[in-house]
Amino acid sequence: MLEIEIDDARYWKNCVDSIVNLIDEGNFEITANGISLKAMDPSQIAMVCFSIPKSSFGKYKVDETTKVGINFDSMSKVLSRSRGKDRLRMMIEENKLVLEFIGEDKRNFKLPLIEVQEGVQKEPKIEFDAVVKIKAGQFKEILGDAALLSSHVVLDANSKGFFVEVHGDSGDLRVEKEKTGEATLNIEVKRDSRATFPLQFLGDMVKACPDDESLSLHLKTNSPIKAEYSIGEAKLVYYLAPRIETM
Amino acid sequence: MLEIEIDDARYWKNCVDSIVNLIDEGNFEITANGISLKAMDPSQIAMVCFSIPKSSFGKYKVDETTKVGINFDSMSKVLSRSRGKDRLRMMIEENKLVLEFIGEDKRNFKLPLIEVQEGVQKEPKIEFDAVVKIKAGQFKEILGDAALLSSHVVLDANSKGFFVEVHGDSGDLRVEKEKTGEATLNIEVKRDSRATFPLQFLGDMVKACPDDESLSLHLKTNSPIKAEYSIGEAKLVYYLAPRIETM
Amino acid sequence: MLEIEIDDARYWKNCVDSIVNLIDEGNFEITANGISLKAMDPSQIAMVCFSIPKSSFGKYKVDETTKVGINFDSMSKVLSRSRGKDRLRMMIEENKLVLEFIGEDKRNFKLPLIEVQEGVQKEPKIEFDAVVKIKAGQFKEILGDAALLSSHVVLDANSKGFFVEVHGDSGDLRVEKEKTGEATLNIEVKRDSRATFPLQFLGDMVKACPDDESLSLHLKTNSPIKAEYSIGEAKLVYYLAPRIETM
């Protein structure tokens, strides 16, 4: 028995988009307490960890822990068909996931469950040396600047502030977010931290984060970045491997 | 002598768009009483019947019945150049159709008349078993849902209501419009009616219908659908052949 | 020593766009009095002459006349990243042009200076026979109409008014702007003037002109057209060669 209702179908779409931007397929683990997912992107350099508690749902009947293999691309497309004040009901029926929009009329999408192979996904344990809290919209703007010039970006947090550098054939960029006590920016640095990341992945990781939401970037020199944000009660944690320059 | 004036050039664009969505070329029959057109789409599975009375026009001087072969694609593009409060004057000059916009300046487009071959177009005579009246916008939304999953759609009108079903490789959809006395929905059923239609054609048929306008769908099991709507005084009737499943 | 500041980065973007629509690369000549550029488009049928006085800039420190070779495409893309109330500072550092946006944060783009070969560019000396002053928006609309039918357009100024003609395979167009004393239109004709121009180039020349701005078109039969407009204090003059029909 599995029956889950969400009052605002669009909220659930935002949650799913935070996953689909990085991976096409994955397994939701649905327990009595909530829904979660841990998955690597196909190229194995990024990881997404999603979790949402049962309290986010108007109705949440889950008798036993269930793994549900989802094509997130299909699910996101279906959810994009939600209208104004649609409620959303999710059920499992005959090896299909039912997505029922309840609004002016009743619309019942059924998506086949799929088998998704995955190894045991463990979050990397890293002692980060710096944490930068920044409005997601500001960080997206910086990534937009960077995209003009290169496919990679250097993130650098040190005692003076948070710096983004880009070096490309057609030019260079340096963005300086100085420690000014700006309310929307918080920089804590134990040790100077600097690493280079692929721009596309950084963009995919933060795309679903509302612009006004605070984004936490955890950094350590030449180590993976951990990016965290919330969508309502849903919690997103991403890891992304750095590019290590070989000389 | 042929001289026709329309106070609102954009209204005439809407009329022409209701035709061009289905056919590229056709003959307007212009008589003392109005303008009409009957034409099959190139693949011969859909028919459009358009008619507009002379009363829709600010000026209507037509001495004799004239067949005017039009490339509707060109005509629609020209009409899309109308601005704010342009009036439109149409004349025939030296085997060309003159489309003159009269507004801030005078703009005079001339399109060559073309020869369009067509057999005698007769509207099919079908005794339909069900009529569904629905707001065009609602029906377009349903077609948008359906397009996620398949190129065909099942329309089903029975004593319980109006149902749309889609079955595709990536999932299924069922939309239920129950007979609830909703003001914008009227379902009359003499006999249960169910047939499958190509989605693209249904979409092309209703695309030019304003979202708030009422659309009439006439159904009969495994028979063509007749779709009717009005754009002001202009009347549009479409027929579309069903897909008959062969086993 | 070169340091130039513009209070509104977007204004400078408009200036650069008036150049980049026609040429990809060119040399800014930066003197103590202001910045100017004269360049032919790669196909050598159009010329752009740009000039802006030092008074347009919040800060303008230029010790000696400098030629600065710019990839305008890169510069325009960087400028498109300006935000709300960004100020812009331009400097030369180690053979690079620095574009520094100063707003919420400090963003520092560096573009490599390039070597642009160019002959001596002299503005053609033509005694024009007619001048048409028209709102840029109106002229752009006419070019939009023309683009439906052909890649060339005839501009014709005579004692009756200003006329635009287009002749194409799929139809013809004639636009009449009669001398009516319309405030936004001024036509001065010493001798009837008529010439044919490539539509794409005309469009590129006027694209950056604000729609409400007055545009001056200088004409002479079968001679180049001179188009002039202002963006604030910046002055744009373009020349475009006519197409001479060979019989």
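Miscellaneous remarks
Think of it as A, B and C in the order they're written, each chain with its own count starting at 1.
Keep this in mind: a residue touches a chain if its C-beta (ideal position, glycine included) is under 8 Å from a C-beta of that chain, and two chains touch if they have at least 3 such contacts.
What you see is a predicted model; the values in this text were computed from it and never measured.
At the interface between subunit A and subunit B, two copies of one sequence, fewer than half of the residue numbers in use appear on both sides, so the contact is built from largely different positions.
In this entry, subunit A maps onto subunit C through a rotation of 120 degrees when their C-alpha atoms are superposed, rounded to the nearest 5.
Per-chain Cα centroids separate subunit A from subunit B by 45 Å.
In subunit C, no residue touches two or more other chains. Across the interface of their complex, subunit A is touched by residues 138, 141, 144-145, 148-149, 170-178 of subunit B. Those residues of subunit B that touch subunit C in the complex are listed here as 71, 74, 77-78, 81, 83, 96, 104-112.
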